[in-house]
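Order of writing sets the labels: A, B, C, D and E. Residues in every chain begin at 1.
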Amino acid sequence: MVRFILRRAALGLLVALTVMTLAFMLTRLSGDLAISIAGPGATQEDIEIIRKAYGLDQPLYIQFASWISRALVGDLGNSYFFKDSVSNLIAARMPITMTLGLVGLGLALLVSIPLGTLAAMREGTWVDRAVTVVTMIGQATPSFWFGLILMITFGLTLGWLPISGTGSWQHFVMPGIVLAMTATPALTRLTRSGMIEAIASDYIRTARAKGLTRRSIIFKHALRNAAIPVVSIAAVQLGFMLGGSIVVETVFALHGVGFLAWESIAKNDFPVVQAVVLVLATIYICLTMLSDILNALLDPRIRST
Amino acid sequence: MSIAISLPPVRVRTFRVGNVGFWIGVAICSVVVLAAVVGNALVPHDPFAQNLNNRLVPPFWMEGSQPDHLLGTDQLGRDYLARLVYGARISLLIGITTMIVSGLIGTTLGILGGYFGGIVDDVVLFLITCRLSIPVVLVALAVVGLLGSSLTLVICTLGLLLWDRFAVVARSTTMQVRSLDYMNAAMCAGASTPRLLFREILPNIASHLAVVATLEIALAILFEATLSFLGLGVPAPLPSWGLMIAEGKDYMFFSSWVIMIPGVTLFIFVMGVNFVGDGLRSLLGAERPR
Amino acid sequence: AQKSSDTLRIVFRDAVPNVDPYYNSQRTGLILAHTAWDTLVYRDPETFDLKPLLATEWKLVDDTTLDFTLRQGVKFHDGSPFSADDVVYTINLVSSPDSKVSTPSNYNWIEKAEKTGDYSVRVKLKRPTPAALEFFALVVHIYPKAYREKVGPEGYAKAPVGAGPYKITKLESSASVEFERFDGYYDSPKGKPAIKKLVVRFVTDAATELTELLSQRADWIWNLNPDQFDNVNKVPFLQAVRQESMRIGYLSMDAAGRTGPENPLTNLKVRQAIWHAIDRQAIADKLVTGGSRVPLAPCFPTQFGCDGEAAVKYDYNPAKAKALLAEAGFPNGFEVELVTYVLPQWAASAQSYLQAVGIKAKISQLQVAAAIQRAQKGENPLYFASWGSYSVNDVSAILPNYFAGGNEDYSRDPELIKLVQEGGSTNDPAARKKAYAKAIKRVTEQAYWMPMPTYVTTYGFSKTLSFKPYPDELPRFFLAKWN
Amino acid sequence: MSAPLLEIEDLSVTFNERMAAVRNASFRIGRGETHCVVGESGCGKSVSALAVMNLLVSAAKRTAKRLSFAGEDLLAMPEKRMAQLRGNRMAMIFQEPMTSLNPAYTIGSQLTESYRRHKRASQRDATARAVKLMGRVGITAPEMRLGQFPHQLSGGLRQRVMIAMALMCEPELLIADEPTTALDVTVQAQILRLLNELKDEFGLSILLITHDLGVVARVADSVSVMYAGEVVEHTTARQLFADPQHPYTRGLLSCIPVPGKSQRDKPLGSIPGVVPQVSVGFSGCAFRSRCAFADADCAGTINTQTATADHNYLCRLTPTRQKELARA
Amino acid sequence: MNSPAAIEVRDVRQEFRVSGGMFAAARHVVAVDGVSFSVPAGRVLGIVGESGCGKSTLARLILGLLAPTSGDALVYGQRLAALDRKARARLIQPVFQDPFSSLNPRQTIQEIVSLPLVAQGSFEAPEITRLTNEILDRVGIARAMATRLPAELSGGQRQRVAIARALIIKPKVVVCDEPTSALDVSVQAQILNLLAELRREFNLTYIFISHNLAVIEHVASTVAVMYLGRIVEMNETDVLFRSPRHPYTRALLDSVLTPEPDLGIPDVGLGDAVPDPSRIPAGCRFHPRCRMAVERCQREPPKPDLAAPDEMVECHLANQDNPFQLVGGQYAQG
């Protein structure tokens, strides 16, 4: 166990380092950062001063090394635009994104597990086909578009839910639904195929031969096995959701990390962009690790080899 | 890393008529492809010709429409039908080129990892993990935002970012095919490594890749639409459907057709591509990749 | 919220990361600054006259010396009294490069400030600065020295204190700001605010923002898409108002060959062809709408020194444009990149006019910051952008930016540089006018930098609100009231 | 002879109304008797068994003239009642011990489940019974095994667990569908021995499905030979080996190399061709395409012939006639 | 015996590293552990043993599909490791167990069968066609089937195709890894007969793997019994079946169920211990299941006792007089 976690942590660190390098290179794509920090109307002298002040006059590898070494101890630098430390910024906004991600994931699981189970139990019937079509609709709907439609319907026409911002739990309903929609198709399909596989399996036949009730066969024997991959993938999905929350946060004006990233890109505020990429990657890495552990805990075959 | 998928032995099945969804999908895609190829020859308007005196004309089913602008005009007085049809070309171009770029990268990596195993596979797995840990929308936005949007850049960025699924599927299917006895038999028959890769493995994982490819096309088109929506997709005046939605967004309350028309078209097309993918999956007997 | 609870709910699209007026460069930030802070002088938005605010009197001692006499009995929001120390502290702080303020060019003409009495201050300028008082009116907001020194810059940004008509009661970085009427506010030309509370939120997406307004969850928004004007007016509980602003669009051409010496744009005839090719009036009337004008000179018409008569005029004449292109050796046109961040439909429109005479312009639609960065690096052959002169009603807030050899100067014309510097180095109005007229003539003759239509700001707000917009793009909520 | 426990008469199963998997199969199993169904792959053995248990998939349709268990009619029996029989009075074990146990639950919980349901017993009693039975089926350290998961057990142990599970409610009938095919020969022998012992001990009737004539010879009291969905020969085990009647049975017996008796340089007897897939509406003898003696009449209706009182077979030709033809 | 052995295996050992799941360290599985034998040309070596004892691994080693961890496999005196794939193909060919996974589902029968020739690269197209047709005729596949896909064939036909593919290049040795265990008995007989005919006709050497003792007895001239990665006994078929010397061979033979009614089911007496190649017991690897085991068996691994080149047993008790309490005794009785 310890060994496994150490190995995974080492791999995670390696991945994080690679992502860091990529992120660093990415933000240097655009060339001279001093100019964008200086802002409109700055003179050549201002720019030179800024270049010195931010250490941008040093060779690239030195900048990179210093960034990495500081990032490793948790110092992600300062935002040029927000005039605040990046760590503070991200820490202040992470709760919103996390809430959003968890709400989205919760909703997605709440929808996809029953839906997938239903489809699998009625495999080949119109119910199954309807579920398939629904998942495909979910897959084909651009999330920003869906967000706008929800906003018009529930925010404007019906006036049930607040449209943007983060004041209360109601504020997370629509964004959560939109985010859930991005994960639901995959999770539904996974549940469905897992359930179909489970239902067709020998151990279900055994259970039937034992004369168990239908409910116990489906819920105790089949769903338990079908849910293992779903639950463990859910952690990974959460990682994807956090990465994909930019759109939702922009549409619903949630000032979370995704939105922060988007703002920073627009403002060329590269320390923030770098840091967000890094933080999201790190979260993803941790989540995959969590997912593996979860998988192992749920699946006795992995747990006790 | 839990990115292995399982699949049943590849079975060759003959195409059966009867998968309704598949044929609906094929029909939708054919229409779009046709529109992309010959559409603009049929529509009497230039998709780029503006007429500021004739802006936001509603489509034919609404009051105030004009007979020669079937779907009306946009905020610059450009014919909406012409732009929609031209947009098919752009969206298709983005979808297919991205799919090819990412397909080449992903399939190569996946097959190499799956076939050679060992260190090669470790490297491939590492690359896949790195790729998966990068938030796609964010990085795509950053690249396009920093370098300035252009069609080529959008395609390259998406192509370089969306190969993970190809790699995962190619890798796990290759691994499974590799362990089958016909691979052993071919090795014993003296077949060279390229022959093994191209004649024995590739045809047998092709159906799985085909399914991924269709999904990738749909994904790329949606991603481009998202980038466009966030203002960093294909640059104007190229009418990609995503950009048309983004441009029409401000008008959604009062001239809802400007967002409905491209939105619905995009939706139907992506649906169609997904139908084809889903149909292929069941017709070719390929397991659904995650 | 709203009228019943005497709260005005305002939504802006452009979020302010830091409400400290000196540490953001956004228009929204400027608006918030004028709500919670006071400057030394007040510029009357109706007449553009300068009135006493925190300073009761001022005097230009010589070309580079300004004396201010300060108002007595003024209190900051935290109750501390206002005095010369605060002014000296603020001015010396922001004019020093170490302060890392967001727009150093707004303050780099200041040498230093000295306390000459408890309520009098002397400011030394580095060079003659005709628009100095305009700057003092618009961008020099006064800090409470003692408080800011106590909490430090970061603490100040989180709980700022000013001497303006409203005090900030709640602050969520780049998400929302809440204001409450400051009851200790002195008797100022800004007047006592009529509305008790302001709640400002930031919603980036225009469609979302409009939804907020339509669903009556917001009372006031601005910068609506001009096409929305009539529609919003049709909504029973809303009104839309437009007001031309001091912001003008412009199309800059790389006459200096900064993007490459062989550039077609270095050819005068090509530039003239472009001036003739674009129907700017049509863009003003059909796209910008609401009374947008096409300035003759490269500046906003009301600005001091903006002499339209001095400009060479170009009509919309595609045939002539084509002929000029042919003469210049480009009978089939050429390809060029058009960098921009303005509304896509405007850029697209310009592009299609150019297309019509054979110039194939490839649009690079960038974010503002990225576009500006490219412009400053000299990488934009054609550049469609806008400039609001910081609402300073003087050409010295615009011409030096583009024609004095700076980063965004794409003409690099020594003669022009001399003229612009001449106009900025004296305080004598006649001399300035003369120099600027010459400069304007030179710019238009050489067809360097083409003014595009002026911007018209569209406001949408509740019918229960009485709000008056001004051309300086500075909504004054302290003047708004419920009907 | 008392009334048989399980009576099957003219059982037919079709899939999707196209494929005839079982056609007019009839056989009986007496109390305390072991009946083997033997045949090649795909001939309908498993489907017949599942039809008895009413565990067929929805695509399958079962018809029969008579299908009764201990005098009760299974055909008209509602699913609820059937579920009460299953695992209680009639139990079934399957070929694949590797996959027939739910990987997510412990052996203990799976063993006790049916006992608790059918006998309304407490977990405690059920566990006690499970421990007892596990000891009986030769599982060492049963208490330890209760807490283990299926993947921690070897194939032979899992099959023992399956048997214990089937015996939990003291069933009258045990259906074993190729219970040893997936196991090694040494384990196979142990399992079959165990089944034999249990039969005597519990008075079980066993329906054993296999394709191994060796197994049939050693454990069966009576045998049904199936071919393409039909029971082509039905008799006692001794009769079958001493005097096989159907050409297919004879062919089958000549195919298998018998240890100690085979001659290496002489080819094995073999049946040409492959087992056909039979669709609905097929008539005549399904074996005729592979039969050396077949003629045009074999396409007509074939009647069951009786050799001795408990020896039926499905062929037009009497053994004497077959021998004549073979000589010719 | 002067001619070089067709196959000579010297002390090969094959280890696999298997990850022990998420929470356990990787384990080493010793699938084949120091196996040596040689097969003279024209003979059939039968290998029996229970599932997982390393039969297939041994086959793959001999085919050159695996490089042994140590030891060496020689075919006609040539080291497999030193040969390239093409040369190896001319010497040795496989027939695998599962007729469904051993044929590429996307290639026609023609393509599949001709692959060894095509891969050689030295055959002209017409010749390939001719040879393919010849071999298809020989294994009893109608030429009309040549353009079909494997999915359209029955299991027996597929196995014939696999045999045709193995023989088209006229190899000297064929390794058959359970070629009939996926087939029905009636078809199994067809395939066994075909293999026997072809062996005589082409003068082939076979390695024939099966877990069916009856089949092995029928086809093999020499039998090797494997247990947990080692050959524990090897002898002429008749001798081995008549007088097995290793207790495991004994148990295997005892558990064969011949189609003779009334014999009952033998008591093999092996207990329920499971052989696990990742945890090979100390001493004699069979001792946990051996009813004859003495104290020495737990300590000391027995040495192979070589009576003749192809006669070997590995048991401490093998040379004692009448060491076993014979049970059942169907073979011993003759």
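Just so it is clear, contacts are C-beta pairs under 8 Å (C-beta built on N, C-alpha and C of every residue); 3 or more make two chains touch, one makes a residue touch a chain.
As the structure is a prediction and not an experimental result, all values here were calculated from the model.
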Starting at chain C, what is the smallest number of hops through touching chains needed to reach chain D? 2
I need the common contact partners of chain B and chain C, sorted by label. A
Measuring between Cα centroids, which chain is at the maximum distance from chain E? C
Using the average of all C-alpha atoms in each chain as its centre, how far is it in Å between chain A and chain B? 22
Taking each chain's centre as the mean of its CA atoms, chain A sits from chain E at a distance in Å of 52
Roughly how far is chain A from chain C, going centre to centre by Cα mean, in whole Å? 39
Taking each residue of chain B in turn, which ones touch at least two of the other chains? 145-146, 249, 252-253
Which parts of chain C, given as residue numbers and ranges, touch two or more other chains? 205, 207, 211, 214, 367, 370
Would you give the residues of chain E that are in contact with at least 2 other chains, written as numbers and ranges? none
What does chain A use to touch chain B in their complex? 11, 14-16, 18-19, 22, 26-27, 29-30, 129, 132-133, 136-137, 139-145, 148, 152, 186, 189-190, 193, 232-233, 236, 239, 242-244, 246-247, 250, 258, 261-262, 265-266, 268, 273, 276-277, 280-282, 284-285, 288, 291-292, 295
Complex contact set, residues of chain C against chain A: 15, 17-18, 23, 25, 97, 100, 102-105, 108, 153-154, 157, 172-176, 201-205, 207-208, 211-212, 214-215, 217, 367-370, 372-373, 376-377, 401, 406-407
Quick one: in the complex, what on chain E touches chain D? 50-51, 154-157, 184-190, 192-193, 196-197, 211-215, 217-219, 221, 237, 241, 251-268, 270, 272, 274, 330-331, 334
Spell out the residues on chain A that touch chain D in their complex, using ranges where they run on. 201-203, 205-213, 216, 221, 224-225, 228, 298-301, 304-305
Using the touch definition up top, name the residues of chain E that touch chain B in the complex. 60, 63-65, 85-90, 92-94, 96-98, 100-107, 112, 115-116, 119-120, 149, 151, 162, 165, 169
